[in-house]
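We call the chains A, B, C and D, going by the order they appear; numbering starts again at 1 in every chain.
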Amino acid sequence: MEGFLGAWVAVGLTLFIYSFLYKDNPFFKLAEHLYVGVSMGYTIVRIYYDTMVKSLYQPMVSEGKWWLVIAALLGLLMLTRFIPKITWLSRWSFAFVVGFGSGVVIPRIISSYILQQVQGTLLPLASVGEGGFRFGLAQLNTVLILVGVVTVLFYFFFSIEHRGAIRGAARVGIYFLMISFGAGFGYTVMARMSLLIGRIDDLLLYSSSDYGYATIVLSILIILGLLYWERSSRKAVKKVDMP
Amino acid sequence: MLSGLNTRQTLAIAFLVLWVTILWVPRSADALPAPLDFEAFDTPNDGGESLTIVFRPDLSVPERHYFIYMSPDPGGEFRQVAEVIPTAHAKANRRTPWWAGRWSADFTLYQIRSTDTLALENGRSYFLKLVVKEQKESSETEIHSAVPRANLFNFSLLNNFLLMSLFTGTVFLSIAYARKNPNLFLRRIAGLDAVEEAVGRATEMGKPILYLTGSDGMDSLSTIAATVILGEVAKKVARYDTTLKVPHRDPVVMAVCQEIVKEAYLAMGRPDAYKEDSNFFITLDQFSYTAAVDGIMLRERPAAILYMGFYYAESLLLAETGAGTGAIQIAGTDSDTQLPFFVTTCDYTLIGEELYAASAYLSREPVLVGTLRGQDLGKAFLLGVVVLGTLLATAGQVLQTDVFSYVLDLFRDFK
Amino acid sequence: MRSFAEKMLAIDRRWIFGLIALATLLPLLYPVGLPIRPSPQVKNVYEYIEGLPEGSVFLLSMDFDPASKPELYPMAVSILRHAFKKNLRMMGMTLWVTGTGMAEKVISDVAQEMGKQRGTDYVFLGFTPGSSAVILNMGQDLLATFPKDHYGMPTSELPVLKGVRSLRDVQYAVSLAAGSPGIETWYVYGKDKYKFELGGGCTAVAAPGIYPLLQTGQINGLIGGLRGAAEYETLLERKGKATSGMDAQSATHFMIILLILACNLFYFVTRRKDTRRR
Amino acid sequence: MLFWKRQFPLFIAFVMGVVFIFQYYIPHPYSEGMLTEVSEWLRIISGFAIILGIASLSHLHYKKIQRKEPGWGYSYVVYLSMIITVVVGLWSGGKEEGSGLGWIYNYTLVPLQGTMFSILAFFVASAAYRAFRAKTKEATVLLIAGTIVMFGRVPLGEYLVSNIGGLAEWILNVPNTAARRAILIGISLGVIATSLKIIFGIERGYLGGKE
């Protein structure tokens, strides 16, 4: 029973959201506002149990982690934003969060964005094997990657004018960027299509008799609803036009 | 009888006899040589609860097995804690940079870590020996002792530390330089020139500007960059007297942005025009936020939409809806996976580092422009490293030498 | 011609949405079954099951929840069909409590389809908490870990489990996993200790993380994502959801490519006219 | 007083920044423990901050209802669904297994999320139709790369052109890798410079007003 009702609710909401592809309409608005409300309510419940109870209250009371009081205080300082006179106290919490983020990121980004990227580029351009030098496809790729990294970096120079050779290099860099964006776009298409296939698959499943033909019934109802809405809103527009 | 044999046959027989003797004569356990240069010590550059042993195995005998035995007191019972596979070493060796004490390739290292069944306490002595077994024979080294300790600096990360210091120095020198020479050159960034245009258009049309700060919290640098740009945009908005709408996914970011926008209106001398609810919160959840912002776009038809900060899969859901409404769209993000979607749907896109250059570009404050110059110097340095490093790596390959790895290791990531 | 091209360039997006919807829906309803070349890692799973003698004990652990259903559910269907076709003694279970209902549904559906009897041909053990501990306990005493099956029948009385005492009696196990506990858990706590052969199936996103296990031989085969499921269906010569899913993938990709070609065609038509006029 | 309003926050940011730069280089368990502890604190702080969010959201919809703005009726939907979810969640004691909260999660949030996410498939197509036009040389390059990768990743593509998969793979592994590497290097420098400005109090915009 729960599953049956659930199927109807899930199918209804799915179709409400898809109706947005046609245009903004009352069904989508309903689903959108419901989604915001439910997600907010769910977040409140999760924060209450997972953060407030499990990470703050319990460790403080049963494990004696008294220092969590400081965290709670910093959190409470955020709420001074409701009291205009002492709103500035919330800056302490901002500074705490922002300062932490700024410090933590520096060495980590050097590790993963600088060193790992540079080390991946520092490869020999030729290999020496049995028959002397060899310059194969692998080496050609290494050269191409090197050229790409260098020219794209040229594109990112801000304080020198892009003229002459630098302009040329930056232009090549732009082509590398465009290939990368095109590839990134094409690569993602597959994953996105899988999501759609998954959703449609579910809708097909719920159109069976086991679920009371939920998909079919609800689709028809929504289409009728949209038609009615279109007609009545057209009338409303006409009325305005009349005088 | 022997006289009938020639030299070759004699030699063959002699060889055979020798072999038989070697195989036949029963050998004592001592005949198996103990591994050379066995040492045990605290694992360097770590958080403790770990010991390392090294020794020089005889790799010519593959059927020889090496076992570590350990005991908390020298007279007590020694338990076998691990078998060491000597050939697995070559890879592991590269994990330590040369400046943090790398062992040469003929040594085998093994790291013993504290586990559920084997506890290694910091500051306590442990006694270890290495046992070699080959078929039924075995021999062992003398006992060495070592004390696991928690270290205070990870020397493997020294290159990271040096780069950090070097770059910090560069940025500060550049700022000092920019203070003295305030009119530094800055290349054009088309997307940021368009901000002015977007605000102007919004004023003309009497429609709001929608500004999104990305999906990360306040501890993310992308968000910080986005809020700083918001300050500059808010100044223009205040000057033109347009409406600004900033829907938020993170309450902390919302609070910070309220301060920033308020400050911008103050700076422009328009505190009366500031509205507290131009920054508002929707929800923490990714897709309900997206649905709501899409709804805002369709219903309020903003004249311009600015996407700054870090985005996830919602990027295209937002930007394509925005494109459908005909708004001018300017994006700026350093989330490299979402860049393709902004590039294809927005009128202008700030790519990666350009997001961090934006505040300097919009404000033209010497200090900010100075840091940008510092970033450029950093890039020039890394560009040089990439080119020279590749040449060195090639030279190393051609000359069959490992000597350049002393330089190249400086730009490898160690943990 | 030109005005048509201009109109097409500024075409309402909803036509495009409609085309994409059709390109997804039609292949799902009427699968074509485009040829799919099975990869060796999927073949390995198939051939291992194919090579098992009748009556061998086969364990399928469906360690996923509804979120990964599109990819892993078709795999479960194919493997179950294969196992039933080979008349293996089938044990089904899950390490994910959120996946219990779905696992039960797939196993009873396929069994019904293949005309198999619960208790004599297969058993669904259901879920019991503990993840890695469950596997360890099953290695010691399977019947004590699951004293009753999912439907409350005492496992000691089920004919299908006759002679099965622990994981050592299992010939082949496959874990279809969306995360942890999953394939790795089964390897570390199960295969490594109790020496049965292990295969795996996972989502496309997780596949790169599982490949190392394959290369070191910790699992004998791997079915990765919808594509892997489609390959299995091809091997089984029974086209199902995954194959039609792959058809839909191909169709939508081609629809987008066609759209791109079309818009460029229209674009060139309009542009040529522009230059001529100048 | 001005010290507590202006300098003290800057001091906090400085201390936090410097401490957590050095934390990375110190393997001692205390240092690791501090990192996990402060990450937990951040969660607690945002836990409190959610109250700001609730207030802002409620205020927004309260005003919509009060002013009878277009679509004000939907604001009741937000209130109602939020309150019902919270009540059911508290009733279920925060547990999701077989509870009302679990039902709400499985039958409303999961399908809503999946559907919003899947709309991307449509948008990918319409964005491609608009953007993949050979208007400039750059756009042409983007279009060709995108088409080859799309083509090479489905069975039909491989069926029609046998080596297209390899070409798609090459584009992803070589030119794409090169560009992404340079982008990441650029970003890292921007991030470090911005972090330094914050730690040393040069960038203080996030603290807002002067008073």
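Methods note: contacts are C-beta pairs under 8 Å (C-beta built on N, C-alpha and C of every residue); 3 or more make two chains touch, one makes a residue touch a chain.
Predicted model, so just to flag it, every value in this text is computed and none were measured.
Using the mean of the Cα atoms as each chain's centre, the chain most removed from chain D is C. Chain A and chain D have centres, each the mean of its CA atoms, that are 5 Å apart. If you average the Cα atoms of chain C and of chain D, the two centres end up 30 Å apart. One simple way to say how far apart two chains are is to compare their mean CA positions; for chain B and chain C this gives 34 Å. Contacts with at least two other chains are made by residues 17, 20-21, 29, 31-33, 35-36, 38-40, 42-43, 78, 81, 91, 93-94, 97-98, 100-102, 104-107, 110, 114, 118, 121, 146, 149-150, 153, 156, 177, 180-182, 184-185, 188-190, 193, 196, 198, 202 of chain A. Along chain D, residues 21, 24-25, 42, 45-46, 49-53, 57, 71, 106, 109-110, 112, 116-117, 119-122, 124, 126, 128, 130, 132, 142-143, 146-147, 150, 153-154, 180, 183-187, 191-192, 194-196, 198, 206-208 each make contact with two or more other chains.
For chain C, residues that reach two or more other chains under the stated contact definition are 13, 17, 20, 24, 249, 252-253, 256. If the chains shown are joined wherever they touch, the resulting network has some other arrangement, not a path, ring, star or complete graph. Those residues of chain A that touch chain D in the complex are listed here as 2, 5-7, 9-11, 13-14, 17-18, 20-21, 29-53, 55-56, 67-68, 70-72, 74-76, 78-79, 81-82, 88, 91-110, 113-114, 117-118, 120-121, 141, 144-153, 155-156, 173-190, 192-193, 195-196, 198-199, 202. The part of chain A that touches chain B in the complex is made up of residues 17, 20, 24, 28-29, 31-33, 35-36, 38-40, 42-43, 78, 81, 90-91, 93-94, 97-98, 100-102, 104-107, 110-112, 114-116, 118-119, 121-128, 133, 142, 146, 149-150, 153-154, 156-162, 177, 180-182, 184-185, 188. Residues 157, 159-161, 163-164, 184-187, 189, 217-221, 224, 251-252, 255-256, 258-259, 282-285, 287-289, 291-292, 294-295, 298-299, 336-337, 339-341, 343-344, 351-354, 357, 361, 369, 372-373, 375-376, 379-380, 382-383, 385-387, 389-394, 396-398, 400, 408, 411-413 of chain B are the ones that touch chain A when the two sit in their complex. The touching residues of chain D, when paired with chain A in their complex, are 4-5, 8-10, 12-21, 23-25, 35, 37-38, 40-55, 57, 71, 74-75, 77-86, 89-90, 93-94, 101, 103-112, 114-122, 124, 128, 137-139, 141-150, 153-154, 168, 170-188, 191-192, 194-196, 198-199, 206-208, 211. Those residues of chain B that touch chain D in the complex are listed here as 45-48, 150-154, 157, 160-161, 164, 167-168, 171-172, 175, 217-219, 221, 224-225, 227-228, 231, 248, 250-252, 254-256, 258-260, 262-263, 266, 277, 279-288, 290-291, 299, 313, 316-317, 319-321, 323, 334, 336, 339, 341, 343-345, 351-353, 355-357, 359, 367-368, 371-372, 374-375, 378-379, 382.
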